[in-house]
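Lettered A, B, C, D, E and F in written order, each chain numbered from 1.
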Amino acid sequence: MSVLARNERAATRPYYRPVGREVEVFEAAYAARLPVLLKGPTGCGKSRFIAAMAAAHGRELVTVACNDETSSVDLLGRYVVMGGDTVWQDGPVTRAARAGAFLYLDELAEAREDVLVVLHPLSDHRREVHVDRRDETIIAADGFALCVSFNPGYQRGLKELKPSTRQRYVTLAFDYPEAAIEQEIVATEAAVDAGVAKRLVAFARKVRGSGELGLQETVSTRLLVAAAKLIAGGLAPRLACEVAIVQPLSDDLDVVAALKDAAALAF
Amino acid sequence: MSVLARNERAATRPYYRPVGREVEVFEAAYAARLPVLLKGPTGCGKSRFIAAMAAAHGRELVTVACNDETSSVDLLGRYVVMGGDTVWQDGPVTRAARAGAFLYLDELAEAREDVLVVLHPLSDHRREVHVDRRDETIIAADGFALCVSFNPGYQRGLKELKPSTRQRYVTLAFDYPEAAIEQEIVATEAAVDAGVAKRLVAFARKVRGSGELGLQETVSTRLLVAAAKLIAGGLAPRLACEVAIVQPLSDDLDVVAALKDAAALAF
Amino acid sequence: MSVLARNERAATRPYYRPVGREVEVFEAAYAARLPVLLKGPTGCGKSRFIAAMAAAHGRELVTVACNDETSSVDLLGRYVVMGGDTVWQDGPVTRAARAGAFLYLDELAEAREDVLVVLHPLSDHRREVHVDRRDETIIAADGFALCVSFNPGYQRGLKELKPSTRQRYVTLAFDYPEAAIEQEIVATEAAVDAGVAKRLVAFARKVRGSGELGLQETVSTRLLVAAAKLIAGGLAPRLACEVAIVQPLSDDLDVVAALKDAAALAF
Amino acid sequence: MSVLARNERAATRPYYRPVGREVEVFEAAYAARLPVLLKGPTGCGKSRFIAAMAAAHGRELVTVACNDETSSVDLLGRYVVMGGDTVWQDGPVTRAARAGAFLYLDELAEAREDVLVVLHPLSDHRREVHVDRRDETIIAADGFALCVSFNPGYQRGLKELKPSTRQRYVTLAFDYPEAAIEQEIVATEAAVDAGVAKRLVAFARKVRGSGELGLQETVSTRLLVAAAKLIAGGLAPRLACEVAIVQPLSDDLDVVAALKDAAALAF
Amino acid sequence: MSVLARNERAATRPYYRPVGREVEVFEAAYAARLPVLLKGPTGCGKSRFIAAMAAAHGRELVTVACNDETSSVDLLGRYVVMGGDTVWQDGPVTRAARAGAFLYLDELAEAREDVLVVLHPLSDHRREVHVDRRDETIIAADGFALCVSFNPGYQRGLKELKPSTRQRYVTLAFDYPEAAIEQEIVATEAAVDAGVAKRLVAFARKVRGSGELGLQETVSTRLLVAAAKLIAGGLAPRLACEVAIVQPLSDDLDVVAALKDAAALAF
Amino acid sequence: MSVLARNERAATRPYYRPVGREVEVFEAAYAARLPVLLKGPTGCGKSRFIAAMAAAHGRELVTVACNDETSSVDLLGRYVVMGGDTVWQDGPVTRAARAGAFLYLDELAEAREDVLVVLHPLSDHRREVHVDRRDETIIAADGFALCVSFNPGYQRGLKELKPSTRQRYVTLAFDYPEAAIEQEIVATEAAVDAGVAKRLVAFARKVRGSGELGLQETVSTRLLVAAAKLIAGGLAPRLACEVAIVQPLSDDLDVVAALKDAAALAF
C-alpha cells in the first residue's frame, strides 16, 4: 500500500464524538507546534480522537503500537538488500516526518529508552530527527504532528515515563464519556436502538461506580460496543453481556458471578 | 505441504461435541467480525472446538503455539535467500490473513509483547496487518477469523494479558463437560465400551471434586481418553489409570498413592 | 556417520534388565501411538531403557540432551551454505520423524519453551511437526516414537514442566531396582564377582535408607557400576568407593566422612 | 546534512540568559581543556547553555542523547557497505573529535559502561579517542570540548555515575533561575506580555515551594514556556496551565486538583 | 602452533610432586576409561597434576578454561570462511577427541548448561561427541581422557554442578600438601634455599590454621612460590610476603595488618 | 597511528613521583616475569605509574579500560573484511603480546569472565595466549608485562575478582601520597605556586580525615590538580574548589555546603 493510498484512506473521516474541550486544546497545541500526549484508560477513544484530528487536517496518520521489542532502527528505517542493490527503507517516524503526517505512538511507556530518546529532537523547537546510520537530519515537514498515548493505570513502578519525557508534551486527560454521550456512541457504532444502548451504559456505570470488584480496568466503551454488536446480530442480551463484557473483565469466578448479576438486572 | 493440501485436510471435520452455547456465540462473533478468546483449563477441548469451527466454515486452520521465543518476524514472515534470489516468505499470520483462514494463537499469554501488538490492527474494525519490513498492509480476506486461547490457571502475576488486550476479544469460558457428555466423548475417541468410559469419568469427577490434593491442574478429558486407549489396547485398567492419569498429574508420593486408591475404587 | 550407520549401531541391543512392568506399559503406549515420559532419579536406567526399546523394535535412537541453549532451530534444522549452495540440514527431530526413529529428549524440563511447543503436534493425534522456515509439515513415519525424560528431584519451582505438557505423555515412574536385580546389573556391567556386587548394593541401600545425610541425590546404580569397574581394575575397594561414590556425592567434609565409614563397614 | 551545514546552523546563536557564574567557569575550564559536567533538574536550561557556549565560540555542537541501547560502536562509527564498497562512517564522538566540535552527551548516567569508558581518554590530558575496529587513535582537534549532563534527581541506586567518572569533570550545578530572570525568559521565548509571564512564574514558585505534593520533578521553566505559548495562541490561561503544566506533572487525581487550584489562584 | 608442535611441548614432563594416592586412582580410572573430576581449592596443583599425567602417557593436553561465555560451538568447532571457501575448524573438544588427547576443562562449574550436556556422551560408555552442525559423530581415539576440575569453595547456590553431572566422574579430592612436601615444591619451583621455603610454608600453615581471618580462600602453594621467586630476585622477605601473599588475599585493612604481622614473625 | 608511532609516544616519559617502594617491587616482579595488580582508590596515580614504568623500560603501553561490554573477541582480535579480502586484525592483548609491550587492563573487576579467563595463560609460567579462532598460540615476546588495576572501594558483592584470579598477581596497594609529595605533584602538574598547592592539599587532607560526610570516594589528587589548573587560569580559588572538587564529590546539598565551608577555610 503506497503512501498515497494511505492518505486517501485517512481522508475518510472516522466517527468521533467530542466529550470535552479536547479539540480546542489540540488545535492550540498543533498551531503552536507543541507535541501532544493523550492519557487515559483502555478503550475510551484516544486512538479514535487522533484519527479524527488527522482526518480533519487532511493528514496521513502513521500509528506505531509501542512495545519492548520496538527499537530505534525499526522506527527510523534500515538498509535492506533488494535484488543485489542496497536501498534505504524509511521507518514510520522518518516517513511521517518527511510526509508531514500525524505520527501516533500508542502506549509510549511500553517503548524502550532508545525509542523515547529518538523522539526528543522531534518534540521540541527543533522538530527534526537524526538518522545516525545515514548521517542525515530530517526536518519535519510543515503539517507534521507528534502525538503519543499513555495509560497511567498500567504503570506500576518499572515502566513509567520519566519526568523529562513527560514535560515535553501538552497533556490531554481522557476518561469515559458522560452517560448521554456514551449512549449515542454505542447506538451509532453498533447500530442498535437507543433502548439497548441505554441499558448497556447503565450497566457500565453501575460497574464503574462499584469499587468492590477489584477489577484491573473497568468496563470500557469499546466493550459496550462489542456487546451491542452481538445483540444486533441476534444474541440474547445477557449472553452478549457475558461473553463481550463480563468474561473479558475477570477470571475470578465470584467477580464473574457478580458482574453477570449486574447484567441480568440491566436486561 | 501446500496451502491447498492444508485446506483439504481441514475439510475433514474433526469430532467435536458441543457442551454449551459456545457454537451460537462463536457464530454471532464471527458474523460481527469480532475476534474470539477461548479461556479454560488444559485438555478441555478448546483447540478441538476451533478446528471444528474452521471445518464447519470450510476454512483452513492456521495454528501458532505461542511461546517466549516467538517474535513478530516469525509471525509476519521474512526475506530468505533461495538459490541466489531474495524471496519473501509469509509467516502464519500473513498467510492466514491473505487466505481468509482461521488463525488460532494457542496460549496467547505466553507470547511476547511485540506479538500481541502485531495482532492489534487485526483484532479491531481495521482487520489488517502491517508488515513493516515490506512496507505492506494486508487487509484480511473476508472469511478470516482471529481466535486465541488463554489458560487463567497458569497466569501467576508475570504473564498476564493486559486489560487492553483482553478487552479486544469476545470471550468464551470453557470447562470440563458434564458427566454424560464426557462419557460419550471418551467412548467415541478411544473406542471403548460405555462401562469403561463411565468408570473413568466417575474417577475423574471424584478427583475434580476433591480440593485436598493440591494438584496444579486436575484430570482433563484428554487424560481419560489416553487411559481408555491403553485399556482398549489390553492394559489392565488400574495400570492404565496409573500411567496415563496419576503419574502425569503429580510427583508427590502421597498424592500419587491417594490417586491410585481412587482409581482402584473405580475399577 | 550416516543414518544407516546409526541404525546398524542401534541394532546392537544394549543390556537392559527390566525391574517392573515398564516394558508392558511401553508396548501398549507405542501400539496406541501415545508419547511416553520416563520420570525418576539420576542413573536409574531411564536412558538405557529407551535404548533397549529402540533396539527391540529395530529402530534408530535419536537422543537430544536438553538444555537452556537448545533452540527449536537446533531441533528442526537450518539452511546452511555449503560450497556456494544453500542446502537444508535436518535437525534431530525432523530426522527422527522422517526416519521413523525413536526420538528421546533427555531432561525435557531443561529445555526452553519454544522446544516444548515444537513437540506439541508430534505428541498428539497429529503426529506431525511444522517447520516454519521451510513452510513444511512432516508427518512422522510409522514407527516413530516420542519419548522424554524428567527428573522430579531437580525441579525447584522455576523449571517445572507445565501441566499442559505433562498431560500429553503416558508416564512411567522409575526408581532404583530391588537388591537382587541391582546386584545382577552391577555384576554384569562391571564384570565383578557376585560378592563385590552384593557388598556395593548393600552399601548403596544403607545410604539410600538414611535420610540424615542431606544429599541432593543418593547413590545411583551408575555409581555402583563405576566403583565396581575400579575394583575390577585392581583398586582397593574402600578407595574405589571413596573416589567413585563418596566424593561425587558430597563436598561436605562431615558427610564425606560418614559415607566413608559406611563404605568401610561394607568392605 | 553535511558538517558544514551543521556548523552554519550552530552559528545562529540561541537565546540564553545567564543565571549565575556559569559562563565564567565554563570559559576557565575550556581554556584549561578540562571537560565539563552540567548537573541539575529537567528543563532548567542545561542543553541551551551548551548550545550558547558552542555558538559563542563558533563551534559545531554534536549532541548525543544517552540511553541503554547506545553502544560504543554507535558513538565511534562503523564500517558500512555502500554500493559494493566497504566505507568507514564516523560516529558522533569521532566526528566531533576530528572537527574540533563541542560534544554534548545528554544524561550521561543513562549510558552503558562501554560508552563511559570510551570517553576516558578524551576526558583527561590525552584528549584522544581510540577506535579499536580501525586500530586508529584520533587526537581531538584544538577547539574540541567534552560536555556531559546529569540529573541527580533521577539516579536511584542503580544508575549512578561512578566516582572515577565523576572526578573527571569540572561540575556546574544548575537550578531554576530567580523570579525576575525566569519571567524574562518566559516572556521572550513565548512572546507573551510581562503580566502573563509574571503570573506563570508566581504559580511555578508556589508549586516549587510546596513539598507536600510528592511530585517526582517540579514545574520547569520549559513547562511555563509551553503554557505561555498556548495562552499566546488564544487558549484560556487556566486551561493552558492544566494541559501544559498540571497534567504533565502528575496522574494522581488529588494532586491534579491541588495544582489546578493553584493555577486558578494565579489567573 | 600445529598439533604436532603441541604434542612435543606436552612431552616435556612438568614437575609434579605426588601428595597422596592420586596417581594410582587416576591410572585405574584411565584404564577403565572413566572420566575424572579433580576437586579442591585454588592453586593446590590440580592443573599441574593433569599436565603431568598427560606427559606421563605421552599425550597432548588440551585445556579449556570454562566461563559463562563459552558455548558448545566454541568447543565443537565452526565453519569459517577462508579465502572464499568455507572450511570446518575443529574446536578443542573435537580436536582432543580425534587426537586421543587429554581434554581438561578447568572450573567446569563456570560453564553453561549446553557445554555440560555436550560432554555427556564423551563421559559414559559411548566415548563419542555429536557435532550437530556437521551431522557427525566422532568416536574418541583410544588414548583420549576426559578430565575436569571443580572448586567447591566457590559454588554458592547458583553455580553448582548438578548431581547427574557429578555422578559421571570419578572424583579426586585435592588439598594443600603436607609441610615437608610443600617445602620441597616451593624450593624446587622458585630455586630458593630450604630455609626460605621452610619459613614460607610455616607462615602458610599458620594462616591456614587460623579460621578467624574470614578469608574467602587461604594461602595457596602458588602464592608461596611467587613470594619465593621475589625473594630469590632480591626483594626483602617481608615485602615479598606482603605483595605476593598478603595483598592478594585481602583488601580489609585489619586483615592485611594481621597477615603482615604473621609474615613478620616468620622472617 | 602505527605501533611505531605509539612506541615513540610512550618513550616520552611521563611525570611520576614515587610515593613508596612501588618501583622496587615492580622491578622485582618484572624481573621474575610475574604479573602485577595495582589496587587503590580513584585518581591516586595507578595509571600514571604504569605509564612511567613502561617508559622507563622503553616499552609501548597498551591500555584497555575494562567494562561489561568488552569481550574476549575484542581483546584477541577478529577477522575483518577489507576490500574483498578477509584479514586478521589483532586486538590489544595479541598486539601487546607480539610486540613485547606493557599490557594494562584498567579496572579488571569490570570485565566479564571470558576476559579474565583469556588472561590466565598469560599470567602464569606459560606467558602465552590462545587465539581459538585462528587455532594459534602466541608466546609473549620477552619484554612483555601484564599489569591490571582494581579499586577495592567499588566492589560491592557482585563484581569481585575471584581468589583464583587474585592469587595470580603480585599486588601493590596504592593510596594518596603524603602531604609534601602531593603538594609537589599539584604544583608541578598545574603550574601553580607552592602556596596554592599547600592550601589545596590541606583542604584535601581535612576532607579525607573526616569520615562523617558519607562520600562514596574522597578527594583525589586528580581533583586537586584540576582545581589548581582553574586557579592558574584566573578563577577565584573558592569557585575553583567548588566546581572542580566539591560538586564532583556529592549531589547532597548538606554535604556540598559542608565541603564548601571547608574550602572557604582553606582560602
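In this text, contacts are C-beta pairs under 8 Å (C-beta built on N, C-alpha and C of every residue); 3 or more make two chains touch, one makes a residue touch a chain.
Computed from a prediction, not measured in an experiment: that's the story for all the values here.
Novice: Could you tell me which chains make contact with subunit A and subunit F both?
Specialist: A chain counts here if it touches both subunit A and subunit F, which gives D.
Novice: Can you name the chain that lies farthest from subunit E, using the mean of each chain's Cα atoms as its centre?
Specialist: For subunit E, the chain whose C-alpha mean is farthest off is A.
Novice: What's the rotation, in steps of 5°, that superposes subunit C's Cα atoms on subunit D?
Specialist: 180
Novice: If you list every residue number at the subunit C and subunit E contact, are more than half found on both copies (same) or fewer than half (different)?
Specialist: Copies use mostly different positions to touch.
Novice: In whole angstrom, how far does the Cα centroid of subunit C sit from the Cα centroid of subunit F?
Specialist: 52
Novice: How far is the middle of subunit B from the middle of subunit F, if each middle is the mean of its Cα atoms, in Å?
Specialist: From the centre of subunit B to the centre of subunit F is 61 Å.
Novice: Using CA atom averages as chain centres, what separation in Å is found between subunit A and subunit D?
Specialist: 30
Novice: Taking each residue of subunit F in turn, which ones touch at least two of the other chains?
Specialist: Correct list: empty.
Novice: In graph terms, with chains as vertices and touches as edges, which category applies: line, ring, star, complete, or other?
Specialist: Ring.
Novice: What sequence of chains forms the ring when you start at subunit E and head for subunit F?
Specialist: Starting at subunit E and heading to subunit F first, the ring runs E, F, D, A, B, C.
Novice: Within their complex, state which residues of subunit D touch subunit A.
Specialist: 1, 6, 42-43, 65-70, 74, 80-83, 89, 91-92, 107, 110, 151, 154, 216-217, 220, 222-223, 226, 229-230, 232-235, 239-240, 243-244, 247-249, 251, 256
Novice: Going by the contact rule set out above, which residues of subunit E touch subunit C in the complex?
Specialist: Per the stated touch rule, the residues are 21, 24-25, 28-29, 31-32, 34, 37, 39, 71-72, 79, 86, 112-114, 116-118, 120, 132-133, 135-137, 152, 162-164, 166-173.
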